[in-house]
């Protein structure tokens, strides 16, 4: 089923209000200043299905029904389909300048569960895959937006979930009943929940038997009983609630803390419960897709940073060509993360269930660059833009309304353009580089240090050493001694 | 004269209120949330004169009276004295985590005028140097804090000041009277004005004869008649006015737009008026000192970023030693800008007037690194800190006060420390890297591209080519052809 | 047809000797110290066709006959087939530590001509494609190794070929005869000629009508009448001719200067002659494939650098794990160029002729990284290895044979291994980083500045600016002013 | 005493031949191709004392006699005097393009012993300082060039000297006699020995009591009985012995392995013997001076790389201005290491003995950049120069003499200049970046990892954390937990 943006908003309004910010309940996510911008950006993705030019990117053919569906309601069953994820993400960033959580991690989550439950059923005789299939169909039939909740609050990083003083630090199964399970605990920094209908819950890590209770995958309605959602701050987030141009208003992200206070999940929405051996696979497949595609996210934001810097140069009275070499470097940074993600897809493999899984090593290498290159791109954007954009270094919109000196401020700002244009141009650069538009690509979807551990685990180090020995003509044994004592 | 922090605040309260933010007049800069943190940090520098441990850094012997004075009231008359500037700046950052404008650019400005007016008087027979000397004594006698106003609003970057549609885009002399001059126009992004007693005005660039009107150096009381000051925004600046720990409150910067609406300056406060040939020297000496010392600023903030990242690691439950290699890299970045600035001082020369002028080339090279390395340091701080700090990704202080879920939020955040400690640790990293604590080192004191132009102008390129020719044994002529046509 | 290494060498011996080094004719390329190592490495690629484990990489199904052929004798007719190019290149580097020219550029050249002649015949009614097809079949039937000659000697970089004082600076058509053409001029820095049977000649750039004479593509036997080949130096190349372990002897590259002194090429070997409009396409398709695949070359050498550094650490008596973070960074560098190349293939498109053409933008972005990351990898290899490897800082093999002190030298070198093992390990690092094993990836296949020009030409800059304007809420016109005058 | 270059060479010829290369004895270091270039470059430094323009850099006032002496015969007794070291080193590199060992480490060594023996005598009542003073005077009276031998052959990096299977792996005291000591063992990679009159021996590390035997500092004539010296290879070192322009011949370095086979050292040349507690100080003072000054070395070579790249661009037919931004970056890299070294001097302190000791932390930070930035500079030089320089990719000088094709080769190379000029320009770039001119700045004077350990040891980490806690308003204890188990 396809739904347009207005229908989508309407559907959100039907959900029970359980989201808070500033200590207060948000009655309507489609109009509250803290959430409406994200909803609005997702609405644009829904509308895109009806735009002939955008539809090929924002829709795909359903693997279940053969019908055209919103892309985020379909299985990524080929390298091209995973590349469609990248294309959509880059396009979404080009619309709003930032990230769109409600069509991202939840979608990847249900795709991954498609594959992992296939394996589980094969090996364990369970019927999880059938549940996923049924639920996937339900999602498509309702054209749902899905948030994905992986990251737990975690507690002390040196302790396992089962060792935490507060067991709620990680979401866990509190009780198994005949008709379902009761889950409890905290998920943190979950993107796009306010704009989603449902939440796909995945275990926060690959676990061993001792952490069995924390091994749970399920689908939960956003407004489930017992679930309380608290929106987080972003830099300069109060500006979203202010009048005027101190923040761009084309779209925005949300990230939330989720408090599960004994939430009941019926069996047909439970996709893994205690089968710890499969949690590692979930993480592995999830990161393979997510970290391949995330290169497109930061590339899309980078595209906007290029445009923002060009506008800023012009508003300052300079030709953007003066900065061509710097703009080029920004573009190169963008294309590296985008293209390296595509390379992971190219080197990927089809899973027996039909899911296409990008090459894990290349996906994780991409993550290390996603945690590096966009920051260089931001610095270049600030370099080009001048001091006015670097720290938002000019008065507030409110000051510009002052009868005493407001008009003078506009005159002060006028340069290659009128004062308001220059103000808007500068605020966009600020927002993208040190403001609310920062998507959090460093730790989003896991840390770069984690990615480096995967690189370490996957490269055939000893094979490299053996090849080099042969080339060097070394015949002696050359084993690794014990690490030097410190 | 020495003054303590309380006396300093008292002296500020006596000035006429002419500073605005959010469209409203700030009655008392020492208590208004937009300005009090900067005043407070400067007050600490005043108090330091009475702290035996800090006094050697925060005071110096006056070149005029031989008395102990606040360092920012003295002439930098040796390499060691300029190094004192660096030592003080690094120490100031260590106190508040950010920049302290009211003891910085104005001080450098009056130092530079000391030297340039010396030359002018020698060559032109003027008596500017005597005026500077008298004014310098007045500053010392009153233990003043001085802001320095160089950057004009500029207008269209492709046009000279005299070509701007709005002449006010650059501060200029509107009228020369027998007893003084009338100045008019805009200075922008001026640091520390709210905490200063006086403002040292310098021309925004080196100018030729056509720009004679814009060649003016003078000292103006902060509360001069005709002067209106509007404070600018910083990222997340509303947090300074909020209750709670969403922003650190140990000190902060201010930056302001200055509107000179026909301000009269009596002759003994005018230090240059139309002598365009000396404007280039002002810029040259100013940047030599400023860009040598600014390496200490970012090093000082880098020191705090190291500490903030260590605290964050610990609050997350990890040993900071896990990140030792990253911390080391942060430290190396800090010491490079600090040490390179010191190198410029080492290679400097004494001006006939007594001022020590650091090596211009090395000072500008330092600026290119100040515009680069702190950004890498910030990224490392975020990398170590985890997603919680990257975009301030957890709820507001207000949410933590919610009777409904506030206590749960504190439990969610608890990890290697209690929840509030972790929140504070995270907010500091956010503030330093994408929040109000960003000092604006990219364009502060001029752009890195400008520094690169100086590098280009000062390196003996043809001498390098000749040396290389000799070493290569090339005897043929090897002149530069015309640049390739594009 | 498949040929093994011995048969391949035999076939090379039948060619007329026309290759020189040190001013002397090389009678037998398979045994002369200047060329034998490259021949040997290509022979290993021939042998790989008969090794069940390697055959899938080193062979492919012919598009002409459907038979299994050496991969470098087949058309790259799918993304997977171009990826096969990458896989083979990385594997080849793992065998010898360096580049293998005779299975590289010529192969890509004939593939590109397959596509471009297809277009030419369609549009011009020529029969070039048929010639290419016939020649391609001839190559497959004889299992030939093909060098590819693109780079002209060029002469003065500021002048076009037709403006050069010496027309021979660029290869050109001297005469068109009924049965063929006579070509004349210089090609420079051509890789792998000594190990090839034939040379594919392509125009050195995209040309306009004025350069018609320089628009020629053809196939020439390596031993054609009138062709003189002079091998170039490499760093430390005399070591290849010395006894002992001062250079590794597992394989090596050759690069040559080609002097065409009126070489006649019969018509069925002429694939473009004066049709200047198609020269740009040749360059475009060639670089798309070449610069996508070259990422695998430097990744393969990077793999060996990892191994070499590990061996060096161990030979020094240290665990390679001490350097794990550095090794990881080397691996990340390798995978970026490898994976980004694959991304270009993923984003590629099928040409109507059947050739798969990788995405040009991503291929050129990859080139910018190929010109950057391997250099960082080399520096890390030297960092890990210690001073002994950095500049080859120990005596020669000859010194180690001294009856006076040779044995003592071996004792001096002994550390984590015996002295000879450590010497060999160090010489490999030296060879890879500052010796004969350097493949020349900076300018090989064109310069990184050229790649940046393509990036500049292909990014939709104005679209980025427009998107950013919309997001910023800017409605005013914001056109690019003229560039600021300098 | 001052000596000119010719007198210097004459004095070297008087020494007993005990240096070998290629397994053969070098009878005369001033004429043998393996050593003459280094001797020649040192001779130029001697001559500089008589050149009024250069004398201020190459000479200084002796602290012992008050006379003008060669700078390398004097005590560095002020920040300016240490800066003189930097100035001289940069100037020396500008003369030859590479390093000059015989006026470097030995000079620093005797300076360091001046200070350390001062401390020893104060604390232990020894008379070492008097010996140093007398020897220093002897050096000045004879205008000697001194090599400095620190690095031992070391053996297995995981074992201490006393644990090595071969005790000779590290130089040690074999016997203490009434009139002197007998030393034995290996020093490796010692720079400039062939051009020195004497060798200053220092312990290779800071040692504890167990390594007492290895704690020895002394001065040994280069031709001492029992000492055998073997010169090492450099990249492309055979070119030094070839005719023609395949290597520049303006000067070069030497590095040698030293075999001490029971060398007797009379007491007045022994400056430390078993006093292990002072070995750490020797290393500390030595590296403080050496690593501050080495920034000038690589800056000087970088200057030549700039010139070489400019010449190359012109020889290619392009204006060097096309590459101005890249040239600028090279210059910035040069000035960073130069200026940061000067910063270490600025922040240094006077030792009670009179020696000026640069700041250790900044000196070591400088070393980390010396091991990084010159490599980036090299890559830029290759980038600008084109493929011809990257791997020396054109035929040998010998080929250019071929009657058959030599003249044609010169025509092929002709571009913006005649062929020979272009060849010479290219060979210089090759020599500087991947050839014999590489100075080995990565590990010269110790490894960058060692420097990082000093940074780690010297930064006040916990103070940073405490400052950040205060700023964040954290009052809870926040101690470092145990490192996370792996």
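Order of writing sets the labels: A, B, C and D. Residues in every chain begin at 1.
Please note the rule applied: a residue touches a chain if its C-beta (ideal position, glycine included) is under 8 Å from a C-beta of that chain, and two chains touch if they have at least 3 such contacts.
Chain by chain, the UniProt names read as follows: A, B, C, D = 4-hydroxybutyryl-CoA dehydratase / vinylacetyl-CoA-Delta-isomerase.
Quick caveat: nothing in here was measured; it's all calculated off a predicted structure.
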Shortest path length from subunit B to subunit D (each step joins two touching chains): 1
Neighbouring chains common to subunit A and subunit B, by label: C, D
Chain at maximum distance from subunit A, centres defined as averaged CA atoms: D
Whole-Å separation of chain centres (CA-atom averages), subunit A against subunit C: 39
Distance from subunit C to subunit B - Cα centre to Cα centre, in angstrom: 52
Centroid spacing, where centroids are CA-atom means, of subunit C and subunit D in whole angstrom: 38
Interface hub residues of subunit B, defined as touching at least two other chains: 157-158, 317-318, 325, 416, 481-482, 484
Residues of subunit A that touch subunit C when the two form their complex: 79, 83, 94-97, 245, 248-251, 303-304, 306-308, 310-311, 314-315, 317-322, 324-325, 327-328, 331-332, 335-336, 338-347, 359, 361-362, 365-366, 368-369, 416-418, 420-421, 424-425, 427-428, 452, 455-456, 459, 461, 463-474, 476, 478-484
Residue numbers on subunit C that touch subunit D, as the complex places them: 20-23, 151, 153-159, 166, 168-169, 186, 188-189, 228, 230-239, 246, 255, 257, 259, 316-318, 371-372, 375, 379, 382-383, 386-388, 390-396, 398-399, 401-402, 404-406, 408-409, 411-416, 430, 434-435, 438-440, 442-444, 447-449
Residue ranges of subunit C touching subunit B (in the complex, touch as defined): 157-158, 325, 481-482, 484
